[in-house]
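Both of the next two complexes hold subunit A, though its partner changes from subunit B to subunit C.
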Partner chain A sequence: MYDAPNLGATVEQKDIKISAKKVQVYYGETHAIKDVDIEVQDKTVTAFIGPSGCGKSTFLRCLNRMNDTIDICRVEGDILLDGEDIYDKRVDPVQLRAKVGMVFQKPNPFPKSIYDNVAYGPRIHGLAKNKAELDEIVEKALRRGAIWNEVKDRLDAPGTGLSGGQQQRLCIARAVATEPEVLLMDEPCSALDPIATAQVEELIDELRSRYSVVIVTHSMQQAARVSQKTAFFHLGHLVEYDDTANIFTNPKDERTESYITGRIG
Partner chain B sequence: MNDKHIVSSFDAELEQIQAHIMKMGGLVEEAILDASKSLKNRDEELAEQVRANDKAIDALEQRVNDEAFKLIALRSPTAVDLRVALSVMKVAGNLERIGDYAKNMAKRTSVLVHMTPVEGARSALRRMAREVQLMLKDALDAYIQRDAELARDILERDRDIDQMYNALFREFLTFMMEDPRYITPCMHLHFIAKNTERMGDHVTSIAEQVIYLVTGALPDENRPREDHYRAELHLSD
Partner chain C sequence: MSAGLVILVVIAIATAGFFIGRSRSLSAVNGNIRQLHSLPGYYGQTVFLAAAVPALLVAFGWLLLQPILVESQITNMIAPSDIAEGSSRGLVMADVRRIATGLDVAIATGALTEDQLGALSADQSDVRALLGSVGVALASEVKESVLVASKTYREMTATLRSAMAIIVILLSLGGAVFSLSRIKPDFRARNVSETAVKALLILSSTVAILTTIGIIASLLFETAHFFRLYPAKDFLFSLTWNPQFTGGSDLGILPLLWGTLYVSFVALVFAVPIGLLVAIYLSEYATRKVRSIVKPAIEILAGIPTIVYGLFALITVGPLLRDYFAQPLGLGTSSSSVMTAGIVMGIMLIPFVSSLSDDVINAVPQAMRDGSYGLGATQSETVKQVILPAALPGIVGAVLLAASRAIGETMIVVMGAGAAAKLDLNPFEAMTTITVKIVSQLTGDTEFASPETLVAFALGLSLFVVTLGLNVLALYIVRKYREQYE
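Let's look at the complex of A and B:
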């Protein structure tokens, strides 16, 4: 008789970076997020999966108050970043978003040079005292975005002139330039080809050593490949949250099983 | 859980692989029964047939493995689907081994028909083979019906097979001590008994795969083993 493999045992316990309790989100009358409790670990990639309209993107956007920009959106409950309520009146959403960076589905570089795209955040947050320091920050960010070698000779060229995959890595470099603690990614690879996707996934894995990464993805294989923790959302509920290996080999909830095996959309 | 995939061809492929397992299971059950029948009736022709039929079982195992391999590569199965893909390969391996033991029983029968019959042993061996075949039938039913309870029951029943083997072992020893002329046939009969006992272990392994398939974990309790005869004879593992 051999022992049943415990795939989850390889995931070590990390510090809690974000703690959400009883979160409700309403768009006008629509109750989009219902009673979500989740603890996102530091230095871990957490994937949010679920069918379209399940609330995973909505919940992700709560984590850096992107929903503030939507008038009819109302958020209730507590979301704590390092133990501090991010919806507290004293919190400046702009400062918060420097700490909690975001990468979107479609690469959206500013219509500026590659250099200025990355330098934008550090400039408005006053992270560099002089040009030399700014140069250093830009180079470091582009290196972390795994795109430095491809653009180092043309930093003055427009960011919009890069290929889709390069643009997305530029956006990731831009997001990490302000030294965030959490990186939110909303379907960062859905507009990319498989090679660019692999490059971004490799990058995500590297970023994990410094940041807490939360990624929303429709590709379950991507969630399985890049994340250590997976949360399954369905109809506004957080149905199951566990080690990724458990979610994909032996989920506890029938709805999770039906979704990941392709039985419900 | 909803039983059907959104992509129906996925279901068709999973069903096809499992249909091969069932077909393989049917052939193996037949091989056990025919081999033990040929032993009982000293029927050399039937024994020859069992040996020839083993090729079909081997071919089916290959087919199950090929299809499971393709399914894993092309469909990226997860959760229960992944467990189906992995378990069919293991179950096919177990069935193929049982088929080999049946073939070996037929082979020894071809030798035994030309020797002095050993009284009583052939009936006991046939009962043992019959019991293993029934266990296999239930294990395959448990597999198809995803019945972990029935599978657990099979783990218990394997103890009876072990006991039958231990009893036969002593009987053969007695025969051989009484009359050295019995040594050659009894050695063959003992190998048949041992192989039948091994068949039971493979059926048990299939039952464990059913439990893994249904629950996602292998049974963890140690299976009770009847091995006091080891102590008696100073045998070690």
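Let's look at the complex of A and C:
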């Protein structure tokens, strides 16, 4: 029924990149995330799975403080990035987001040229001293986004003119161009066809060598294919967090088992 | 029977037809609605439409054509010799109509009977005094031929009126009966009334288009008339505006066009940055509470009549600019100036620009903001580099619409910028605009025959061309870039 989980992949002990303790999130009166503790490892793909409305996207958005832009949202608890509390008053969310990049569910290229889309981050963070350096960064990012060959001849064309799958890879290239340490992906393939999905998944696997990737997905096959660690959320709780192979073959919690076998969801 | 009464009767017939049609459709299927093609109300509607629409169309057409027909008959009854020196056939015909109405009034009030009217002759009795006694004043004594024409006019009108009443009511009844006979269970009444609705919608849109065409046509017609009296080359290229009602005027549009564009330019320089910043603050930075207070407060500005802005320019801004800027800088001593009118007009345009831009900025999808914030951009970087470029077409549209308003503005310019047509660069100098001169050329007791008055139409047409051009440009820009982020 599912693709075989990558049981063979060895999960060696790696540094902890993000560590969350007792995280609570409220939307107004609604208690959306309850007591979540998790440690996300560096250079690893971590998948968040769970039924709709379970809080996985909300939790993901806590990791780069995107929830700050929502007025009624309130976050409690500690989230540490490399041992530093990202909700500390001294932390500038803008700088944090430069370190923790994000790719969204729906491809959202800016209404600019492909080149300017990718150059956007490097420009605002001053990563390039001159045009030649910027060109290099853009090319590198587009190559890493596995879209260079398709767009190299039309970098001046608008990014919105690409197909859905190309747009999403452009958005990934745009995110990696700022050299983040962590890449958050909120259902990056939900708007894509199977071929584009396969391309993006392949890309995620490559990104693992440089970044810590956290991906929210509705597709358990996808979680099994791309991730090394999987976290199962249910009704705002983190039910189970383990190596992907263990979650899919030997879940400890009844709810996890029910979800991956399709009984709840 | 008066025309109003005829129309009421037609509507009564149609309404009765509606109810009869509805019950008839029900009785056709013995009350079982499911066997009908449409709901019973639709059958009623088809009867209503058939009874009302053709009858009313004929009635309106008749009312339009009847005077034309009658006058063409009557005109021939008046000999050229009866037309007084300095008068014209048109004036005599106006007298005929007036006397005819007067006679109607006289009969209605009992001052005259039908028999007396038949025997009435202008040579023997004083028709002018008679009509004066019933409240219809005439300018001169009534000639016999004119009185005869009036009587004929009155009779023809009455005959045609009754004919119209009969024909229209018969038509209405006929329509009702015809459509009642069509009511059967499988008659597609709903489709018929859908077609009628569509026709109504098309008609409404045609009214708007025809009005525009009518306005343009009248402007073009009068402008052509003006150019026959005054050379177009002088109008377009002469650098002086100096109308003399005794003749020999210079009617160059350039000083006025310059004034118009200068005042509008100052207004836009003032309104666009402020309006845009207001819009950015309101849509991106303001909390919901601040927004709910500030936005209506700004929009109050849009509700102030322009004459009040004019007063503000005249008594506050004008003297202020003169005393603190123009005089100390040695730029002029006039409180009416381009600057005064421009600034006040700018204030008037702020809500215009801010409100439209605010809508446009709000229409930029949240995904754009998320994308930018997700890359570590600050709020102002996001606004500058993502939101404004994405909203640009709409903002340009807003600015051009504001420009059209500025160009067409009159009151503020009259009171703020003065009435002197000048070609000058000094913004503290009094100047004037096209709109102001249109008003001043047409106010007062004027006759549309001299180039001095007809020039107003040429000015109006020029203004129309300029604003139309701006609107077309705005539409083009908005359309070209509209789908950018979708």
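Simple rule for what comes next: the second predicted complex is superposed on the first by the 256 of 265 C-alpha atoms of A that agree within 3 Å, B and C clash if a C-alpha of one lies under 4 Å from a C-alpha of the other, contacts with A are read in each partner's own complex, and residues count from 1 in each chain.
Definition applied: a contact is a pair of C-beta atoms (placed from the backbone, for glycine too) under 8 Å apart; a residue touches a chain by one contact, two chains touch by 3 or more.
Quick caveat: nothing in here was measured; it's all calculated off a predicted structure.
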Partners on subunit A (subunit B, subunit C) - clash or fit: fit
Contacts of A:263 with subunit B and subunit C, given as first, second, both or neither: first
Greater subunit A contact set [subunit C / subunit B]: C
Superposed arrangement, angle subtended at the Cα centre of subunit A by subunit B and subunit C, nearest 10 degrees: 130
Touched partner set for A:112, first subunit B, second subunit C, both or neither: second
Touching partner for A:249 - first (subunit B), second (subunit C), both, neither: first
Partner chain in contact with A:160 - subunit B first, subunit C second, else both or neither: second
Subunit B versus subunit C as contact partner of A:98, first or second or both or neither: second
Partner chain(s) touched by A:220 [first = subunit B, second = subunit C, both, neither]: first
First, second, both or neither for A:30, with subunit B first and subunit C second: neither
Which superposed partner A:178 touches (first subunit B, second subunit C, both, neither): second
After superposition on chain A, the shortest CA separation from subunit B to subunit C (Å): 34
Complex interface listing, subunit C residues touching subunit A: 287-288, 365, 367-378, 381, 385-386, 389-390, 484-486
Contact set on subunit B toward subunit A in their complex: 1-7, 10, 76-83, 212, 216-220, 222-223
Complex interface listing, subunit A residues touching subunit C: 64, 66, 69, 71, 94-99, 101-104, 106, 108-112, 120-121, 124-125, 158, 160, 171, 174-175, 178
Subunit A residues touching subunit B - in the complex, by the definition given at the top: 1-4, 220-221, 224, 248-251, 254, 257-258, 260-265
